[in-house]
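Okay, so chain A shows up in both of these, paired with chain B first and chain C after.
Coming up: the complex of A and B.
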């Protein structure tokens, strides 16, 4: 066959695949090897097996003390699970040597000054290879600054502010694998305007600081783009850790709103919903933090029905599409049922899904990048990660935008339904996520191209 | 009534309910200061401790009413022990020692609740009899919030009765006025002060149980409520129960109608009022001691 004809045939095949909407599994550079999942029965977050010697060190920079200490533990179990999995497979071959993953808790006490000190200690004394963070964009900003100063890789898996990667704050050493504030707001608006097409009157109630305002801005932008017929009937910003939501709820009730969009995190989000239900307000709340199961149980089945959760660990229904996914799920859930002790034995840790699933698979992506870079040299990791794509066990594909290191991804809108209706999503026994509260039923995909991460035009690379 | 009027009336009752909760927290704080001259910086921690006690009592008995009785009592016992074995020993060394000690006590309580209950948010259910709404003339209002208003009024009445209509109250007031003289008359003044501290922490305990079904019980609860209560005491006047009562209600209404009419400024209205009152009367609205 002549060269020209060969090129033509290849081009034709490629075009055909594009037309057939090339499956994302094929689009990813790498994917989680679910078939290789080792025996995880010795995994115990309270007594983790810590490898010694020459290891790949990941510092989880987070709150491990103070009121937010549980957040650090959520990160820890997620990252440690991924590390344990990879370690049992023999570790990762880097710079000609097979190394295991060591996870280190680095307590910020939720204070930027402490975060700076602990990050520097992690780099200079513990010689960590990755700073993994964290709750609070103000703390993540500190992590990124330290990462830049010492030339160490940072992964932003949990902070959500777009500003962290704008022209002023961007550092090529840091990668944002979490979703972002503006994107979340646009995703919620897209869901109501382009998918659900039902409610038209919205009320925004967010916390009165940068995060709350960014979440609100995203939603307003999204409404303009995807739901111009929608009406914003009210917009308020309340102080953090507010005690009494009743005055806001009375305003919301009087406004005729059909949906309340809130960027609040717990405890504010929980107090808002609890007080709303106590006041007889049954409106749906669209949010990303109203998924904490202990709290959902307190509100009960009726009170949590109709909530909308925008998730970064979603995939179209049903949840389990093959045996490997079931095997992975059961490896976690069986341990939760039989082995783990406080604080890892509550509803919060029942499923390796939601935020836990997301943190876990963001870590798998990091480890996959290191493995494929074949080195712990930050420059090689940066080169590998920029433009990289990775497929989670759920089939969700993440792509790292090279220019600003923000992850491009589909998001998913979870509509909460009573336990009896959760089978459409949770399709293995017991056919519901929880019996004491509403949870995920219908799932809608918000395509990545509709909610691309914000790119600061001033960022020149 | 029409929906707009119902909204304004509801906001008024919200203000009253929040004001009453504020009063429950602030009254114990101001009473301890007024009677004993101790600025108890652990007061909000006692409030939080009681919320945890109520969670525990409810988990063990499933009965809110038992929790309402037991949790404040347990909190008061802790308060009495703190006064007897810690505060009394540093009382002779002045206010700085007491301040530092109460800060220390609050930190110990914070760590203790984390050790016993962890750092997760805990939730306390409303009792069945207090669930639901009351419907009056087009207004729907949660029963529990009305209960909180009633509870605070009962506590206020009990305190006023104890202090101003009983011999015990007379002794307490006399001990505050001239401890040496009361001591010389054969009355055990340290015991009186221990009792006052116990009652003050009991009041914080009642507030803790009252708030638990409305708010998440978590280790940050003390900070969430403590600052507002402190503002009430400063503005109402250190040591003045009536000042705490009036300012609590004013703050409650400011908060409620502030959200309704000038939402963006609602969080600062309390501070503005405090500043105005302190400029005019530095000891607070009804305060006599600085």
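Coming up: the complex of A and C.
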């Protein structure tokens, strides 16, 4: 009896500790306040309400012209949405004054030299507080260099190369809130080797620059780690903004590959998939940016079936788990249906999910950090952000590793299925993401501890 | 005031303006000025071929890019490289490249010369993309350490400071401009004009046209290499797009045509016009090249002698009007 009581007391204490500490361990430092979402009906990306005067200035340093111009617009709508939301809540209290968020477009034309010049203009003439970037790790490298030179905060929300934060390139002014190439590669390998366990022959086709090579390295590392039985039957790197993929597709066809792994982003991603299907290649592509719905529609339901998208904005199925998530989704989707004009009324902008959702919530995280730092002083922002964690509306928790400023997160593998099967994920009417192409069905979680961001051992801080 | 004295006063005034420029206009416009100065001197080197020797090159970027890559790779791979030797390395590498090409290119002229350079230029561009282990491929070479300008035991100036770099770049580019100008005033400078106007006659006079061409070619290449070197230091980055792209070859041609072919200062004014237009238009539109293209068309149609030609014409008219006025007064 006495022993039984002792066990009971120990059990009770253990349970109490568990109740007190476990939620603390799981909970983020801050989370998106979905309940406070204001009336967003006046949000129009074509005619954005941009505050001026004494504001918190964020420069979106990206391609707003040239073949990747649409990428800049994706970033703009995502960041501007978050800014508009916070502005309608009254802005952010910094240095004793409530300030609104001003988003500025800074066109790099996808050229490093232009990026440097435009970043300097943003800092020295526009006096921006944050440089937000970008498509192209080589451009992000420039942004980080300029941020370091002038002591301005940079947020790496869309460039994914690990090398940006290695011992050589690391700057304490820059924070990588996106997922990373090595992490993505290992996540894809983990999915095929530990979850799916079917295909064994892989072909790597990536863009011929830092990002593409990093993506490939990550995947090869992941295969060694999680799928040693897998076979790499080919590896190629093509020029950025290539228009003719025929030579590569011929090689893929001849290689006997069962899956093509690619890091391509649009326009390359679109051209690759469309041309592959035209060439009769029906292989699945393991990807991160082959999710642009306009070209997915061009390829159709059958052509997009079986694609595997590694997402940084995922959460386990179903997509909508509470009313606040539905409210947030509808605030966006209703405007898309009724108000927005080209290019924002196309399929690409239908859902505040995927990469758009990720860019948007990475920005919310930035704004939350500034708010909690209570200052625009870069040193205070750095102190606040290092080790910080933030919960997205989807429930996904992001943690900023202090040592190298890389975000720790779970990733999710989205398997693309025909519209009728999308209900398992899209659990509100119309019960599918799109009717004209395959999209997310089954979702697998790749736990953060299996894909911890690569840390350069030489980085001493 | 004598003419000579007026000249020295003008130079002194120019030096004073350059000295106070960063203080008055700030870092941003100082950087814009450095970018302009690099482009202007690069255009001058092209003008040595096009304006003075009559050789149109569609691949001049290969020397600019080689100088830039040499400096960037040297700083990236060799620790402790001093500043002036890396700039010199850019010069030497471009001259070596020019020496390799000389046996082929100096024997031809006109379209053949232009097209050969287009081919070699594109070859260098592709090599820069493909030799990833050396050039960084599409990413280029960036983030390398910028050494201080130091004379052991005397001075050490931090070149990561934009203000210090402004003075360094202007000094190097100014010296390069003076050397190029001085070269045009030497006997060989006169021969190159002769080659432009009538190479056969120069040959008959006993001068070796191909040898002279080779010297001019190497000199133009070397100084293009220096501008590339300063560009790499200025950007702390060089990529195939910024070093070897076809537009890097076309840019100075456009600046030279707009400024005035054959005139020494024409490319400087052409570069200034383009720099100002780029600075102003890029704030409102992404179509900067379109605006520049329209200007080029306008110049070719209505002022084929370029800015300097128009200035010369206006000066002639003003002098003629003054002469008439003076004669009328008598």
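Operating definition for what follows: the second predicted complex is superposed on the first by the 420 of 461 C-alpha atoms of A that agree within 3 Å, B and C clash if a C-alpha of one lies under 4 Å from a C-alpha of the other, contacts with A are read in each partner's own complex, and residues count from 1 in each chain.
In the analysis below, a contact is a pair of C-beta atoms (placed from the backbone, for glycine too) under 8 Å apart; a residue touches a chain by one contact, two chains touch by 3 or more.
Keep in mind the model is a prediction, meaning the values are calculated, not measured.
Of the two partner chains placed by superposition, only chain B is touched by A:346; chain C is not. Between chain B and chain C, more residues of chain A are touched by B. Judged by the touch definition given at the top, the superposed model places A:67 against chain B, while chain C stays out of reach. Once chain A of one complex is fitted onto chain A of the other, the partner contacts of A:107 are limited to chain C, with no touch recorded for chain B. In the superposition on chain A, A:387 makes contact with neither chain B nor chain C. Touch criterion not met for A:90: it reaches neither chain B nor chain C.
In the superposition on chain A, contact is made by A:239 with both chain B and chain C. By the touch criterion defined above, A:149 lies against chain C but remains apart from chain B after alignment on the C-alpha atoms of chain A. Shared-chain residue A:298: touches chain B; no touch with chain C. Judged by the touch definition given at the top, the superposed model places A:208 against both chain B and chain C. Common to the chain B-facing and chain C-facing surfaces of chain A are residues 66, 208, 239. Residues 66-70, 208, 236-239, 241, 243-244, 246-248, 250-251, 253-254, 266-267, 270-271, 274-275, 278-280, 292, 294-295, 297-298, 342-343, 346, 348 of chain A touch chain B in their complex.
If you check the complex, the residues on chain C that touch chain A are 26-28, 31, 35, 129, 132, 136-140, 142-143, 160, 235-237, 239, 241-242, 286-287. Contacts from chain B toward chain A in the complex involve residues 3-4, 7, 10-11, 14-15, 17-18, 21, 114, 118-123, 125-126, 131-133, 140, 142, 144-145, 211, 213-216, 218-220, 223-225, 228, 255-260, 263-264, 266-267. Residues 64-66, 107, 109, 111-113, 116-117, 120-121, 124-125, 137-138, 141-142, 145, 149, 168-169, 207-210, 213, 239-240 of chain A are the ones that touch chain C when the two sit in their complex.
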